[in-house]
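After the C-alpha cells below, expect a handful of questions from me.
A, B, C and D label the chains in the order they appear, each numbered from 1.
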C-alpha cells in the first residue's frame, strides 16, 4: 500500500505536506518522498524509511514553493530500492512532471514491453513509470501542450487500481482516481489552498476541511484559477461499477478516517457486533489485538455483554532493528510488541478479537502467549472473512500459497493456531458492516472486478495447482 | 524515574539484560547502559536515548560474561549528560564496582560536601556517586575486603529512595531496596540464573519466573553459591514503616506488571470504578487518553454504564524530532500523538478519563481537539487526586510552582482547561483502589515520610511563598 | 571532471572496481557509483561523496558478479543531485544497460529537445542520458539485437568529449573514446581479467598490467571470448585529428599516471624547467604549492639553481565541513589547508610555483600568508599559460567572467594577488613540455576543436560583452 | 602522544580552541575534547575521532565563555575508551576543575594504589586522574583554597613527563611543564588573550604571536589580572637537567613548528645533511617517504648532489575504514597511501629517505613497491638512529620486543627489508642536527633520565630476556 498527498497554494507547502504524509504513515513505511515547485523548477527529496527520518528542517527548506506533492511507499510493485521511491520526477516535452501513485496496474508488463519496443528506456521497476511514458508518447503524437489531454490518453491504456497525484512545472496539481475507485482520494481546503490526501486523517492533523472524495474516474485539476473537474475515463471493464477496496475498512485505513464516505472506526465496531451475533461463545473477557482490533472488540463486547479489557499491552518502543538472543529465547517478534496482562487472563476464558489472520503465525504466538499467562480457554474471533486470494490492486498480500485460508479449513487453521475455537466474520456480515454494495472483496471471494494481467494469472494458476 | 535490571549466571547475560531493559523502557528514555563482567573485568556501554538505539549486535558482543546489570535513565537528580548515564563504573581499593540506581537521595548534597572536604573528587552530578564514595571510605577505614559490609556502612549514611543493583569484578550481583521501599525491585529466576528487575514485565518478556520482591531494607547477594539475604538497614525515620510510591500504580508502572504485590491494571481499573461513583456525570461516551488512561476508562464505563470507545487514536510514528510548520499551525505536540475519532464524538457528551493532570497544558489541548471534532460537552475525569506537591523520592515531577493544582482550585483548573466539568479521584478512593496502607502519597498530600534535605526544603518553601 | 573504471572476468569484480575507483578519486569527489552484473541482473549502488564513504563491506557484498563498472563524479553537466550520480542503469528493449561517462557533450540540449518531441522522458539532468535514449531509438528502428550497432548509431549523433564504459546484462563490457580523444581511457590486464580505467594509476594499485590506451574513435568490447575492437566512428569535425586535453597534464591527472603515453610527473617537471628559462628571477628559495605544484617547482629549482624547499605544509586533516570563527578570524579556507614554514621564508626572496591561477583568490591568500611569515619578496610562477577560456569538454572551469585572466593583464593580476612579480609559462613552453601536437588547449587559446552547441555559445558571447 | 591547548580572555574561546586543536591534530587522532567556562560553570564535550568530527557549530555553541582548554589524544596510558578522553572534568572541594595532559607519568600505578587504600575511587584508567586526586587530598589536608598550592603539592609526588593545561571554575587557566621539560608547551598572545599550545603551529593558524615556551618546572597562571609564573617544582632526579624529547624533532612535531626554540623543518633538513655525509651511496635519485621524510630528503639531496624527486605520491583520500579485497590483493595499507612514480624510478638507483624504521614492515613494503616499479637498486637511509628502546614518557612506541632494532643488526634489518643498503643517522649526527645538549634520547640509547616505575621495569626486563 501507499499514501499520496498534495497541496496547492500554501506558503509552507512542503511543511504541510510533511505533516499530511506523517498522518498517512500507517499506509507505508518503506520510503517517503516530496516534490515541491517554485519558479518552474520541481525539487525532489526521497529517502528510505519514515517521514520523520526522511526529512529535517534543512531538507524541507530545500523544497520551497507553494505547491508540493508527497508519497509514502509500502512496496507493492517494484522492488525495495531507493530508485523506486516516489514521487517520481521526469522531464519530457511538456516540461517537468512529478507523479505519486497509490494502487497497482495489472497490465503494466504488457505496456512496458510495447514501449520498449518503440525505443523507450526505463529507470525504475515500478508500474507507475509506464503512465508517464504513455503521457510523453501521447503528447508527441498529438503535438498538444495539454497535460490533462495527455494524461487521459495515457490512462485509457492502463488497467488496474490508481489514485494519482501529479504536479507540473507550471504548478498544476492533478488528482485522479481510477474508474473503479479502488483506492481512496479525498479533497480538502486549508484556507485558500486545495489539499489532496489518501485519507481524511491528514486533514484533521493540518486543520483542513474535508470537502469531498475524488469520484471514481474523475480527474481534478488545481491551478491558480481554482479547481476544475474532468470525467473522461471510460469504465475499465464493461458493466463494472465502483469497487472500493473493502480491506481499507477491514484493516488498512486509520480508524479516525472517513473512507468511501464512512467512518472506519464505526465500520469495524459493526464488524464486531455482527461477529458476536454470528459466532457467539461463552467467555469471561473480550480482548483486542491492539491497536487495529480494538473497535471490533468493543463491538463484540457490547453485543455479547462480555466485559472488554485491554488484555494485551502494545509496546511503544519497538525499534526497527531489534537484537534477539541467540540460543535461549527465540521468536521475539510478537513478544516484544505485545504483552499479556496476566491479572486479566489468568484462569479466564478469553475471547481474542483480531482484524485478520493471514499466515497464522502471529495468531499462533498470541494464543501461546495467552495460555502461558494462565488463560483457561482461548477463543479467536476474526472480524473479516478468511483471506483466500491475493490482491493485485495494491494491497501487499502474500502470494496465494502463503495465505493459510486458501488451502486450509477453519478447523485446520484452529488446530495450527492452537486456539479452542476459531470463527471468522461472514462475507454478508462484512458487507452489512460497511453498508452495502460497490466494494471489491476479491481477497475474500476471488471475484476480480478488473481482468488481471498475464503475469498475475500465472501466479494465481501456480498457487491453485 | 529510572529502571534497573540484573542477571547472574546466564550464558547470554548482556543479551538478556538488553531485553529486560527494553521491557523497562517506559521508566526512562534519556539514556541506557549495560555493564557485564567476564574474567574479573567489567565492561561498560552507556548511550543517550533508547535501549534499541544504544545497543546493536556489535556493542552487545563487546559485553561478554555471565553476569550483567543495566539501567534506564529518566533524569531526576543530575543533569542530562552522558556522564550521568548509569550504570556507573568505578575502581577503588576493593577492585572494580558498577552501580545502577532507581530513586533519589535527599541528603546527597550534604554528604557530597562532607566527602569533598575530605579530598574526594566527583565526576558526575548524580546523587548515586555519593554511595560509592562512602563505600570506598568505609572500606579504607575498616581495611575490610567485604563489599557488603562497606555497602551497609555507606547506606546507613544516606537517606531517601533507592532500589540498587550492583555488580563487582568478582561477579557478585547485589540488589538493595531502601527501608521505606519507595521503589520496586523484584527477584526472578530464568533456569539457573537469578534476575533482578524494577518490574515483573521484564520477567514475562524473558520468560523468567517471578519469585518475590526484594523487601524494604533488604540486601540480596547473588554469587556462585546462590542467593543470600541481609537485613541490616535501620529505619530511615523512627516509626516509619513501608511507604511504597502510590504513583507507580497511578501512572508510572506498566499495566501488565505486578508492583507491591498487586496488578497495576486492576488497580487502575478500580480507580475508574471509584471515580465513577465519586464523580458521576451524564454522558454519551467514555473515552480514555491512551494508553495509560485505558484501564481507568474501562472501569469508569463499566461502573457508570456509559459505553467505552477508543475515541482518541495514538500514533505509533511520532519521532523524537519533529518539524513544526512555522507560521500556520502551531502546538503540534499533542496533535501529532493523539487524534480524535470524529464519528465517535461529533454531537456527543464526552467523558474523557486521564490518569493525571500536572500542568494542565496537555488536557487543555485535548479538550480543544475534541470540541473541534464536534463534541457537545467535554467532561474531564482524573483517576488520581490533584498533584499538589513535588516528589523528592525519584519521580520527575515539576517544581511546585508548575503544578497547577498546587495553587489553583478545581474550578479554576476546569476553566483553564476549558472543560465543562472536571473531577479528580479522592485520596480515599485511591487508597481503596490500591488496597490499603503502606504507601507514600506525598505528591497528593505533602506528607513526606523521610525528612527532606536542605536544598529540597528551600525549593518547597520558595514555591509556597 | 570524472573518472571511469571497468573490470571484466574477475571473481571479486566490485572489490577491485572499488580500489580502482579509489585511485581515481582525485578526478571527482561529488559522487561515486558501482554497477555489477551476475546472472543477467545489474545491481547498482550510487552515493554522494567519496568512494570510501559510499561503500562498505555490506554494500560491496550486494554487488556480486565477475564484471563491474564504476564512476567518480565531479559535477560538470547536470546539477549536484544523487539522481545524476553514475553509472546510470536503464532498462530498454535490449535488456538492462549501465553507462559511465567522463567528458561532456556539446550538443546534448539539441538532442534532448528532439528526443522529447518524439515522446522520450528524462530522469536526470545529465547529458549522458541522451546517449542511451539514442541507443534505444536506434534499436527500436532497426529491430536489431546488436548493442554495439545501436551504440555506434547513437554516437554518430553526439558531439563533444566522451570516454565511456558500458555494461550489459549479458556481461559485455564496452569501452569507447570519442574521435578527438579528449579524455583518457586505458586498457589493462589483471590475470585473465580485462580492466578499463581513466588513468594508469588504477592499474598500479590493483597490480594490473598496462596494455595500451583505447584509441580515439575506438570501441572495444570485452566478453567471454576476449576483446574485440571496432573503429566505426567518423571524425567529429572535418579535418580534426586527435586533440587530447592538455589540462590533464597541467593539473588534472595524477603525477604517477601515464596519460596520452607520457608521464604526468615528467611533463610537469619540464614545465618547471621551461618556466625557469622563460621567467627567471633572483630568489633565495623555490617553494611549491603542494601537492600539485611540486614537480614543476623541482624543475624550476633545478633549472635555476635556486634551492627547493617544502615551504608550505599541507594538512591531512581538513574535513569537508569546517567551522570558522565568526568575528575574529575569517577566510580560513586556505589557511587550514596550507601553512608556511616560517624558518624557510622569513627574510627570504621566495619564488612560489603553482600549476594554475584561475580566480586569483587562493594565490592572493598564499602571498599574504607568506608575507606574514616574513617573506621579503614573493615571486609567483605559474607552470601553465593564463586560463582565458572556459572548457566545454568536461573540465569544470568557471564561466568566462570568473576567469581572472580572461579580462585582466598579467600586471593587473599581479597587483590583485599582491606578489612582487608574476609570470606564466608560454603556450610554446607548455607544448614543448608535453611533447608536441595533437592537444586541445582551448582553455588557453580559445580554439575549440569541436564546434560548440548553442547554449555554450550563448555563455561565451555573454562573457565577452 | 597528545596535544594540549588553552585560551583565556577571548570572546570566541571555544571556536579558537577548536582551530588551535585542529593545528595539533597530528599529535593524536583517537579523541578530541574541549572544556569551556562561563559563569562559574565548566562545560565539556569529548568524542572519539578527529577534531572536525567531534565538533560542529551546535556543539561549539554549547561551550560558551571566554576561556577554554582542549585536548587531542593519541592513546598512551589508559585504554582506548571514551571515558579516557580528555580534558577530564572533576568536582572537588575547590569547585570544578578540568585538566588536559600531554606526557606520561611513570609512578602512576604506585600512587593509584596508595590513593585507593585511602578510599579514593577512580573513573578512568588514565594516569592523569592521579594528579587531581592528589590535588583534592592536598587541599583537604591543608584546608587551603589555593589551587596552585594544591597543584604544587600534587606534582611533588608524581614522576615522569607532563605538560598540563588546567582550567578552574573561577576562570584561572594554568600551564605546567615537568622539571625535565620532556614535552613542549608554548605561550602565545592573541590580542588581549593568552594562549597555550603544545606547538607554535597553532599560533600561526589563529594568528597569535609566539611569546616564549613554558620553562621546565614552571607553572604559569593566567587570570583576569594577567599571567604570573611560579617555579616551585624540584628536579625529578637529582642532577637531572632539561631533557627535551628529541623524537619531537625527529618525527612527531609539525615541520612548521618551533619546538625547544628550534625549527623542526631545519633540524630535519640537517639530519639529511649529516646522513648524506655519514652514509653516502651512489644513486640516481633521492626520494622521500612523504610527508615526514621530505625535509631530510631535501637535505640529503643537497649535500650529496643527487637530484631530489617526489618519487612516492601520498594519497589524500585514504579513509579510516578501507575495505581490502579478500583473496586477490592483500596488504593494501601502504599501497593505498603511497604510490611510486614509475617514470622517476624505473631503471634507477633509488635512495629512499625516511625518518624512522620501527617494526620494518612498512619499509619492506615500500622497497618492494619501488622494485616492482622498476627500481634497479634501492638504498634506504633513516634520518635517526635505530630505535632500540621503548618510550615511557609519552611517545606511543611499541614494546621492546616489537622494535626490530632492539634485537637485530643493521644487516639483518636490511635483509628483512630487502633493500640493497641500509644506513641510520648516528647519535652524534642527530645531536649535531638538533643543536646540542639537554635532550632525552632514551629511545635510541636506553638512558632514561627519570627513573621508571615498577611496571615499566617489568616490561623492559621481559623484553631483554
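Side notes on the structure shown:
Keep in mind that, in the parts below, contacts are C-beta pairs under 8 Å (C-beta built on N, C-alpha and C of every residue); 3 or more make two chains touch, one makes a residue touch a chain.
Given the structure is predicted, the values throughout are model-derived calculations rather than measurements.
Counted as hops between touching chains, the shortest connection from chain B to chain C is 2.
The chain pair C-D and the chain pair A-C differ in C-beta contact count, and the higher one is C-D. Of all chains, the one whose CA centroid is most distant from that of chain D is A. The geometric centre of chain A is 48 Å away from that of chain C, both derived from CA atoms. One simple way to say how far apart two chains are is to compare their mean CA positions; for chain C and chain D this gives 38 Å. With touch defined as above, chain A holds no residue shared between interfaces to two or more other chains.
Of all the residues in chain D, the ones that touch chain B in their complex are 44, 83, 88-93, 116-123, 125, 132-133, 136-141. Interface residues of chain B facing chain A in the complex, by the touch rule stated above, are 10-12, 15-16, 18-19, 22-23, 25-26, 29, 50-53, 55-57, 60, 201, 204-207, 254-256, 258, 263, 265-266, 291, 294-295, 298, 302, 307-310, 313-319, 321-329, 332, 335-336, 339-344, 372-373.
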